[in-house]
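Chain nomenclature is as follows: A, B, C and D, assigned in order of appearance, with residue numbering initiated at 1 for each chain independently.
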Amino acid sequence: MAILDSMLKGFVGGVHPPENKITEHGGIETAPIPKKVYIPFSQHTGKPACPLVQKDDVVKIGTKIGESEGYISVPVHASISGKVTGLISHPHPVLGCSLCCIIESNGGEEWEQSITENADYETLSKEDLVNAIKEAGIVGLGGAAFPTHVKLSPPSDKPIDTLIVNGCECEPMLTADHQLMLEQAEDIIKGARMFQKILEAQHLIFGIEDNKKDAAKIFRREGLEVRVLKTKYPQGAEKQLIKAILDREVPRGGLPMDVGCVVQNVGTCYAAFQAVAFNKPLIDRVMTVTGDGIKTPKNVLVRIGTPVIDLIQFCGGYTGKPKMIIFGGPMMGIAQYSEAVPVIKGTSGIIISTQAWDTEEGPCVRCAHCVDVCPMGLMPCEIYKFVQNKNFDKAKEYGVLDCIECGCCAYDCTARIPLVHYLKYGKNEVWRLSK
Amino acid sequence: MNELFVVSASPHVRGKMNIDLAMRLVIIALVPALSYSVFLFGIRVLIITAISIGASVACEALMQKMLGKKITVTDGSAVLTGLLLAFNLPPAVPLWLPAIGSAFAIIFAKQLFGGLGYNFINPALAGRAFLMASWPLFMTKAWLAPANGTLSGIDGITSATPLSLLKNAANYGDPSIIVRQLNDFDTIKNIFFGNIGGCIGETSALLLLIGGLFLIIIRVVDYRIVVGYLVSVAVLVFVLPTKGTLMFHLFSGGLFLGAFFMATDWVTSPVTHKGRWIFGAGCGILTIIIRIWGGYPEGVSYSILLMNVFTPLIDSLTKERVFGELSKKKGVKK
Amino acid sequence: MSKWRIFTRGLVRDNAVLVLMIGLCPALATSGTVRDGFGMGLAATFVLLFSNLIISLLRKNIPNEVRIPIFILVISTFVTIIDYFMQAFQPDLYRALGVFVPLIVVNCMILGRAEAFASKNSVFDAILDGLGVGLGFTLALTIMGTVREILGNGTFLGIPVFGESFKKSPVIFMVLSPGAFLIIGILKALINKYVRKEIR
Amino acid sequence: MTSTRQMIITLCIVALTCAIILSFVYAFTSPRIAETQKNLMLDGLQEVSQAVEFVEIISDTLWRALDSLKKSTGIVFRVFPQGYGGSIPITVGLDRDGRITGVRIASAAEGLKETPGLGAKITEPDFTQQFIGKCAPEVQLKNDGGEIDAITAATISSRAVTAGIRRGIETYAQYLGEGYDKRDVFPAAESFREIIRDTLWYALGESDTIGIVFFGVAQGYLDCIKFVAGVDNEGTITGVEIVYSSETEGIGEAIRDQEFLNTFKEGTAEAITGATVSSKALIDAVQKNLQRFKEYLK
């Protein structure tokens, strides 16, 4: 009956690309402290942080170097100790180029004094907890990097009944969350309980794909409610996860809180717990370095701002001539043009590939595979034609704004059309025109 | 290492299926039926098919060159068009007929509308309709009686197809006896396994079924159109006063060929799920209407052509339900 | 606009059937053979010529409010005349053209020229225009008729071409209405490519 | 702004002018149109029958065919059986024995809607020639037990034609009988006036009745024999014609022989050897009827 149940409740669409999770059973290794870090002031959805340091300032690990600017914004902290050598525009994994703070390491591990264990964090009030999370610069670590404190402060007219902890990691090749769940389950649970307390949610449910049953077992053992979900991409997308677990549909243009849910990534739970219990700001994260272009793929704990080239060296260097560096998973990741881009808070993995996709697109033959697999029920093949013809009104009518850019359509496109690309462009144009 | 890396839009992995592969798979799925047809009607079938495919590929290349486009005959779509056209021809047609049909299909139904992906009707069926209108005599009388394995069916005893027997039973003797014979289990068995006269591709329902199921399993063919088509035919045969039985109507003629390989043509069928059901059902309804009340014994090709024309309309009327869109059934649960 | 231009414009550049796509109904229905197409074209030309002439003559005396009824009256008079004469002297052609001869009355090509040109221009210009447009119509129908008759019947003006075997099994498709559409489309494409290059 | 009166006046003037012009054109063309129409129709009818003159019996449907001596040679009728694409206009000629003298099927230009190249092949001589000389039972497709070859792959059209012709013959054969123009038995008469329905007519001369024509039945050897006979005021038989007879072929049928029939005029009618029963019956019946209608003679 479980199968039937998951069929009934699961979301429609989705694809199942080869998983290729080669780093599945490798533990988390800690990367050495880089000589230089490039910390962008914009690592999250929302307004970039406002720089607090100047050239030649001396910073320690955890020193706040950027203050949050407005509500949907978080501060940025130094991830190594050393000297600020400049605030310049540097390659950025998402934005292309953006203002970064360059810190040259002094080789030591000097932590900011305020970073001490906070043994009685459990006594803190809701507001204090949210504030602490905000001050630590915690954002969603699943990839979107949405400031966590915003998610934790739903308006009073939207009561939250369920907190879903997202341990799906549906992207192929990535295993960072999986390893984190195996190694830091206790802290994740504590973080999740803390979120539950903040949100006053009655239910706490873990959502884990059935290719990570070992992780699911750990949480089950702790007496938590765990839903094992079919391995299918994008199972870990918020709206699809809510649909799969609770059979609730987030309305168009709405947020999970509209259906009484909050979804948090396991990494976020972990980081938030660290932030509250140890006052540790978000200065490092676990990520997967993998792909056929890297000698020894690993799950690594990396300082935020580490340039990618340092990680590549840590992982044994290239196997051959690399063609692509992708930040994130193969489905939604962003290809980088330079080795100098730093790891940021939202970077869940780095894929080094020795092959690039032949990007020649054929004519759309209306095979409708994109319609079949779109988890949002869109018709990418129609929308892309509207976008091509600059008919953005029609594109909007067909729901281009609902696109979650999961990439299923382009993955399954028989004509190799970069549908996501067209849809993203359409989305931007619709927004621009509606302004 | 300072050179720049390749930047391309996500996703960075792609599924295995692409146009070229899909076309090849469809062709492979059609090969058993073709081989059996060669076995039944002789080597002539092979010649007709080769001419049809050759003309189709040549015209595609020629048109693309004339229109200054990239020549893409290797994608297999022209081969498939030629093959499907040959499947729709009686085995004893004169040899120039498939060439002209292919030329019409490729030049007028496909390339003049913009080539692959832009044709609004199935080119192979357009070619067949053109031949049917132009040389009805060749298209309706050049049947051969099956001559298993002799490979030289050329002297060809003409024999009527089961559907034309049913339609014009009175021409061949006592109608009631003929109808009874046609609905006999042995006849149905012959029809299902393909020991009958008919178009090159429509003889063996079994082999077409196997090929079609293979395509459905590998997701080249959408089951909705096929199921919609076959079920609507079955229901109508059940409800309406027809001379043939359910099995007879399902297995005879080009129904399986049409349902599995022609109606499901990607370019000319709707993209929405609901749309595909409607499309399939529409094809089924029209097929039966033509078979019972129409002038031709077989209605598959015209029904599909007619529904092809409705495809854009169906698509625009049956938009997919966007995730999270409010509907009467599934409101937002709180 | 030179007189020559007034005359030639309607021939090809602004050909009623192939460019403006008006008067399509008779063009599709009566272009099955050269004779039918040519006959229909001449009939329409006659009506067009004389209606233009009369309307241009009367243009200063026609009250604006009733101009359309008067145009129709004039046109239908000439249509009836040609109808009678055809019945009397060309019964075979009349039978082939059938209902389309009386229907010249509502051919928007003729009313359109009356409204757009004849009622605003001098008599001589109106005659030239009527002649040009009418002959353009005739030309289009004759070309269509030629192609359709040769391919669809295997004959030209009733004389077999391409031999008897082709006449035995010609491309029947071409004499059916889809063939007419096909020919119109191809002719239109050719005109767009070679005559009206600027529209591309 | 033109006044309403002005508009009305202009319209009226134009309409009037048009009407006048048209009336002239009509006057000029209408005789010619009528003649052309007639010629067209005649051409069509002559194609299926050798006759030179056609007398309409049912408007646009049935004609009696007359030869140059104004003697009936048969009938011509039109039928419109339902074919594949629509009704098929067929003109059929029949001789006095009910055998087909010609079949003409309208071409596409004349309203045939059968599929070109397929059903439309019924208009071709290869098909229509087959009918000549056939009588009703033979007019069937070979598949159906008749003698007509169907057009390949156009059985529906072919069958429609045969069925239509057969039905036509069955419907109009009765006129074959009546087809005996009463002039045949009373050539001197100008016209006829019916006295007893379907049985007795006055033969009218220029001003007066000059005799009678009557219809009679005789019991023949196999079946009844129907005949007409004409008698002038003097009681002299002016002619006898057989309307219907199905006597034994070659023997009883001898009564159709013109020589035998002519003997009535001379009053020397005698039974024919070998066809005694039939001829005797006919002679008796003529005499009996003559007695019966005698009172109508002046």
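In this section, a contact is a pair of C-beta atoms (placed from the backbone, for glycine too) under 8 Å apart; a residue touches a chain by one contact, two chains touch by 3 or more.
All values reported here derive from a predicted model rather than from experimental measurement.
Among the pairs C-D and B-C, the greater number of C-beta contacts is found at C-D. Distance from the subunit C centre to the subunit D centre is 44 Å, each centre being the mean of its Cα atoms. Centre to centre, using the average C-alpha position, subunit B and subunit C are separated by 41 Å. Mean C-alpha positions place subunit A and subunit B at a centre distance of 47 Å. In whole angstrom, the spacing between the mean C-alpha positions of subunit A and subunit D is 97. Among the residues of subunit C, those in touch with two or more other chains are 169-170, 172, 176. Among the residues of subunit B, those in touch with two or more other chains are 134-137.
For subunit A, residues touching at least two other chains: there are none.
Two chains count as a pair here when they touch; such pairs are A-B, B-C, B-D, C-D.
Of all residues in subunit B, only 134-137, 140-141, 168, 170-172, 295 touch subunit D in the complex they form. Those residues of subunit B whose C-beta lies close enough to touch subunit C in the complex are 108, 130, 133-138. Every residue of subunit C that touches subunit B in the complex is listed here, in rising order: 169-174, 176, 178, 182. On the subunit A side of its complex with subunit B, the touching residues are 11-12, 15, 17-18, 172, 239, 243, 247-254, 258-260, 322-326, 328, 330-339, 351, 353, 356-357, 359, 362-369, 371-372, 374-379, 381-382, 398-399, 402, 405, 407-408, 410-416, 418, 420-421, 424.
The touching residues of subunit B, when paired with subunit A in their complex, are 1, 4-15, 17-19, 21-22, 75, 114-118, 219, 222, 266-273, 276, 315, 319-326, 330, 332-334.
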